[in-house]
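Note sheet for the following structure.
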Amino acid sequence: MDTMTQNPVISPQMADLCSPARIPQIAARNLCKEFVSGGRRVVALQDVNVVIERGQFCCIVGPSGCGKTTFLRIVSGLETHTSGELRLTHFNQTKPLLSMVFQEQSIFPWMTVADNVEYGLRMRKVPKAERRDTVRHYLEKVGLSQFAGSFPHQLSGGMKQRVSIARAFANDPEILLMDEPFAALDEQNKAILQEELLRIWEESRKTVLFITHSIDEALVLSDRALVMTARPGTLKADIDVPLQRPRGAYEIRSSPGYAELNERMWKELREEVMHARLTKELA
Amino acid sequence: MDTMTQNPVISPQMADLCSPARIPQIAARNLCKEFVSGGRRVVALQDVNVVIERGQFCCIVGPSGCGKTTFLRIVSGLETHTSGELRLTHFNQTKPLLSMVFQEQSIFPWMTVADNVEYGLRMRKVPKAERRDTVRHYLEKVGLSQFAGSFPHQLSGGMKQRVSIARAFANDPEILLMDEPFAALDEQNKAILQEELLRIWEESRKTVLFITHSIDEALVLSDRALVMTARPGTLKADIDVPLQRPRGAYEIRSSPGYAELNERMWKELREEVMHARLTKELA
Amino acid sequence: MSTPNVLPVPGPAPLVEVRASSRLVVRKVSPETIERVVAVLAPVLLLGLWEALTRSNVLDQRFFPAPSSIVDTFYHMTFKMPWDNSLAYHVLISLSRALIGFLLGAIPAIAIGAIMGLVPIVRAAVQPIVGALFPIPKVAILPLLMLVFGIGEESKWAIIAIGVFFQVLIATAAGVSNIDRIYLDVGANFKAGRIATYTTIAFPGALPMIVAGLRLGWGSSLLLLVTAEMVSSQSGVGFLIWRAWQLMTVEDMYVGLVVIACIGITSFWLIDALESRLLPWKRR
Amino acid sequence: MSTPNVLPVPGPAPLVEVRASSRLVVRKVSPETIERVVAVLAPVLLLGLWEALTRSNVLDQRFFPAPSSIVDTFYHMTFKMPWDNSLAYHVLISLSRALIGFLLGAIPAIAIGAIMGLVPIVRAAVQPIVGALFPIPKVAILPLLMLVFGIGEESKWAIIAIGVFFQVLIATAAGVSNIDRIYLDVGANFKAGRIATYTTIAFPGALPMIVAGLRLGWGSSLLLLVTAEMVSSQSGVGFLIWRAWQLMTVEDMYVGLVVIACIGITSFWLIDALESRLLPWKRR
Amino acid sequence: QTVKAPNARIPLSPPVKLRVGIIAAMFDAVSIIAAEKGYFREEGLDVEIKAFPGSGEAAQALAIGALDTLASGPNPMIFNSRSRNIDLTIVATAGQHSPGHGSISFVMRRDHVESGRYKTPADLKGMKLASGLAAPSSWFVSQLALQSGVTEKEFEIIQLGLPNVIAALGNKSIDAACINEPHATLVLKRINGVRIMSMDKFRPNFPNGYLIYGPSLTKTNREAGRRYMVAYMRALRDYRQAFIDPGARGSSEITAQLKKYNMEMWPETPMLDFPASGAPSFVAVDELIQWHLKMGNIRSVPDLKALTDDSFLQYARTQT
């Protein structure tokens, strides 16, 4: 982990963000990420500035390839940014700081479903009995109790994704990073898990960063939606979602303000994708 | 390939389906698939009966883990069914019979994007110049011209999926099998590729089997939507989608009949997922 | 009712493909059974070939005795000798030597190999040293081994262990560095410590390659028995082969070779079985 | 402006983590450069250790001469000898033998290994034969090799090729059978023929493992030089080592060993370079 | 000389542990007999016999002190040892090629003799023949050829390892071989070869081997060295009685004892001679050394005097 707890190079602006009044959970300033590989340079993120408060549910939307995954990987420490500043705050140190639901297939093929879900707890040396209960609970939530002893190659695509979600939930972190977690799920499973996610979030004051391509989903779930521009990705719009809670996927569409928000996000996104396409064709 | 061109064991019903008047592209009768692995038996498909005509655009929806992927894999010959009958017809033998867009990450990591897209053409020994043009065309369609020389590990999740789609399109088969191809794409890219898919379909009279979790998508694209039951999967409903063409994702929602179809599919699906959950919890 | 599969329609005749179900394909025996039979048959055929070659005098009987002609010697060596000179005794001695040497070589190799696979800088440091030491012939370091381990069992184990070590090391390092990065990312994300990363990701993820390394290592440890038992030994199959070679008692030598070959076959079977036990998660 | 990183708030003090950017971490040299330096340093350190051990008389100078003390011999053997007895000549001869033997062993091994990895029945047939033949000591099959290949260069190539063959075979088979099934499915879906499946999927997919096999194979082929050149040869590094060993001219022997080790190190570096060339698609 | 009865001697107490290396060559016979008949035990020596695959390995073991003594042929490594600060000492004979007891033979394939391909050593030109690397046998055959005007460059000496020689002659990979007993006789038997000449005809009384002590016997514990020699000489007498002296006695017992150590003899095997005095022979060794020098196998002429120590032998003569 490339983290430091003491770092002299903190800009005044950054320090400002950390004023006692409101310590943000995640603060990024001029965050840039450039990939250099095989002689090609791809600027994935360009000057991302964002402050995410503790307990916020934040959705990230943006065209394919704009750097959403990259941003999450930098936050999680799996990737280092090339310039700019990034500061995370760990409020409750009895809990792990963050867990990620990866976009790719990421459950260990050599572990059973139950062992996969248990992984984070095992790493934290949670007592065995507690682990077993937690695993059972989350397997039930994602509807895979029957498959606890199965190996990943015996599961369908959506089932694998659900294992990955259960693994992150079971770890009970302060920050949940979720990269298109429900993309491979049918509407019903998706609704069930969205509900579960909201319940967990409300109960335990988690900060959630949630990547999705569905505007509906973003509006159902989040307090705040970040729209990213096409590559090089930066924040284009930071949209407040002040819809009342609790929300349901069906009711929300008819709630006041929904149509407007939906419209606005569509607009922002459409511009971006069209722009992305255009520059590509011209290049 | 476990295919036979001569097989004496054809039931009268099956022969009937093959009457000269209408030779179906795909005909399945009492198709069953049972997985046995590690002592567990999972019945993935139970008595699937379906006849798909040439040129039909057929969507398959169903709860996660119900056997959609398994059905496509059996049709493509990658898996053998355990009982029942399955018959495919290859009408135009100058084209390949079928290509599949896999649900999993399936592009070769050791080939560049362009080489991946070219793969089917290379296997068919299409002349080099033609190959190059086709590849360029489809890369442009999926918006990856800039990344022709990149390797898959340099791409985002959605970009990889687009390579996979381009690879199947470029092969220009008679039957396109698409397993949640657009799940990882943003709305705009999805719309662009849906359009492209429809254009290709209309131009070249392809038969398309398309798995999706989005009822919207099913209604935008298909002539016919097959709703599958929870595991063991079988056909629950076979819904005609007689909406006028050409369709657009935005206009269709307001077209006559849409709301009703949407409602009906929701109902069918909801029952299934609820049923699936229930039996699981009871088991 | 007979139905033509290809029906007349305008245009090029469509080709009807009937996908066979696995139940339709008449299979009296499962593919696993066939594989098992083939696995037993193959060495038998090899033996048959050898018999045929010697019988037909393509191979000179004086130097390459036919398998059938060593049966007598085999019987004699097994049953007509006092226990401490019987074939069974020598086999046991050799097996224990091979096994101890194998373990002494393989265990550190797996540990170091995995670290090499995980940490590029370690790999950069160890790789050239492996390159330098691997091709050093055992015979050249014999004085060193004798100096360090004396001329008893320990130096024999050492000879075998060194040979095994490099094999397993290289295979393990390759296997570990070939693990999909996403799994290591997951480990990092869940704050898996060094040991945990090792035991829960690197080791199981590289296991297919490690097994291949063990296969190579075990083969080498059998191979090295002769080298090891050449030096100051009065027992073991390697000694039998060596002695027979020196005395030109060809039949005795071939008994030794056949025994080594049988051990090789059996242990490869066992490793196969072990592999499918250890890797229940592999799609086959 | 000095800002405390941890600020007073009620409850347990939150811990502020600042993620360092890769530009913030002051790196004068890239990790690749460090690795390269380490790769060169490691063998030098090994040499230093050896020098120290002999200097301090932990190792007996008479049998383990210090590296510095063989420099003379090295110089003498390189420059003071007629060409056909000079070190360079012997090295060239040996390299060509090792290379030819290596290729003769590795090429069929990759081909057969891939088929084994792809087709279970072939694997079932070949595996026990490999198990039987791999542990047969080279010395025991020497008469057979002489019969088939005479006692010229061919039998030397054969000795090396046989050793290399099994190493590469086992590694390749494991690598191929370990390829993610989805890629073979894609191949089947696009009707890739046997050869195409082989060249576009099995081979590139197993390449990391094949390279590991080649590494092992090349190491073995250097290792087997001594065995091969023991037999009827008046040239080559293996012969030099063997002769020096027999004559107990320890310095000569160590010159030979150091040469072999240097070849080993250099070729492992080259294989590393080759690997990163061949595998541009590997995430590192 | 006064001969004391051996049982009148008092064994060393506590017994001294010694390790003797053998390579199962004929020159190891005497040490083996002494061990088998318990002569060492009677001297208070606890001798352990360690088998080695060849002189190289055994000599290395002696040099690093893993062994205390062994028998070895007159090899360059002995001549080289002193200049390398390795303390080896020739203390007694380990056989010599006395007339009628040539233990190295030059053997030719019968088909070459019968077809007339080989008549005199001049016909060696262009032949491939097997011999040990830098062994006296190579010197033997080189000199033989040289006498007929054939130089080393005009034929090829190939080192195969003794057992392979038989196979190589059998499948006609090589034409001739110059090898030690008992392999030479084995070749004659197995492949029906022709013995052209044996070492005793070429250089009578040329040494076949020496008994060599390491520093543990010449420096650390000379008494043990003397005791070893006493037992060695007793065994040597037994050997001579069985194989050399007229009216062979006890040969079957000794043959059986040797067989335990993988030394097989046939009635027609020419038996190696161990001179009754036990004195090492240096006949023609200077010639051999010159050849080695020429071949680059040794770098300087060794001081044979300094290499030899006959005090052990002298002691033994007074005791037996």
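By written order: A, B, C, D and E. Residues from 1 in each chain.
By our rule, contacts are C-beta pairs under 8 Å (C-beta built on N, C-alpha and C of every residue); 3 or more make two chains touch, one makes a residue touch a chain.
Note that the coordinates shown come from a computational prediction; the quantities given were computed from them, not determined experimentally.
Asks: What's the overlap between the neighbours of chain A and those of chain E?
Replies: Of all the chains present, those in contact with both chain A and chain E are C, D.
Asks: Tell me, please, which two chains come out on top when C-beta pairs in contact are counted per chain pair.
Replies: Ranked by contacting C-beta pairs, first place goes to C-D.
Asks: Based on the averaged CA atom positions, which chain is farthest from chain B?
Replies: Looking at centroid distances, E is the chain farthest away.
Asks: Using CA atom averages as chain centres, what separation in Å is found between chain C and chain D?
Replies: About 19 Å, centre to centre.
Asks: For chain B and chain E, let me know how many angstrom lie between their CA-based centres, rounded off.
Replies: That pair's centroid distance is 84 Å.
Asks: Any idea how many Å lie between the Cα centroids of chain A and chain B?
Replies: The answer is 29 Å.
Asks: Rounded to the nearest whole Å, what is the centre-to-centre distance of chain C and chain E, using the mean of the C-alpha atoms as each centre?
Replies: 41
Asks: Would you mind listing the residues of chain B that make contact with two or more other chains?
Replies: 38, 77, 104-105, 151
Asks: I need the residues of chain E touching at least two other chains; which ones are they?
Replies: 60, 63-64, 167, 171, in rising order.
Asks: Could you pull out the residues of chain D that touch at least 2 other chains?
Replies: Correct list: 60, 63, 139, 143, 147, 245, 280, 283.
Asks: Please give all chain pairs that are in touch with each other.
Replies: A-B, A-C, A-D, B-C, B-D, C-D, C-E, D-E
Asks: Mind pulling up the chain A residues that touch chain C in the complex?
Replies: Answer in residue numbers: 1, 73, 76-78, 96, 98-100, 102, 104-106, 108-111, 119-120, 122-124, 151-153, 171.
Asks: Flag every residue of chain B that touches chain A in the complex, lowest number first.
Replies: Interface residues on the chain B side: 35, 37-38, 40, 42, 61-65, 68-70, 103-105, 140, 143-146, 149-151, 154-159, 162, 179-180, 183-190, 192, 213-215, 266, 269-270, 272-274, 276-277, 280-281, 283.
Asks: Can you name the residues of chain D that touch chain B in the complex?
Replies: These residues of chain D touch chain B: 182-183, 185-186, 188-193, 196, 200-201, 204-205, 207, 279-283.
Asks: Applying the document's contact rule, which stretches of chain D touch chain A when the two form their complex?
Replies: Listed in rising order, the residues of chain D that touch chain A are 1, 3, 5, 7-9, 11-12, 14-25, 280.
Asks: Per the contact definition, I'd like the list of chain E residues that touch chain C in the complex.
Replies: Going by the criterion above, the answer is residues 19, 21, 24, 50-53, 57, 60-61, 63-64, 66, 162-163, 166-167, 170-171, 183, 186, 190, 262, 264.
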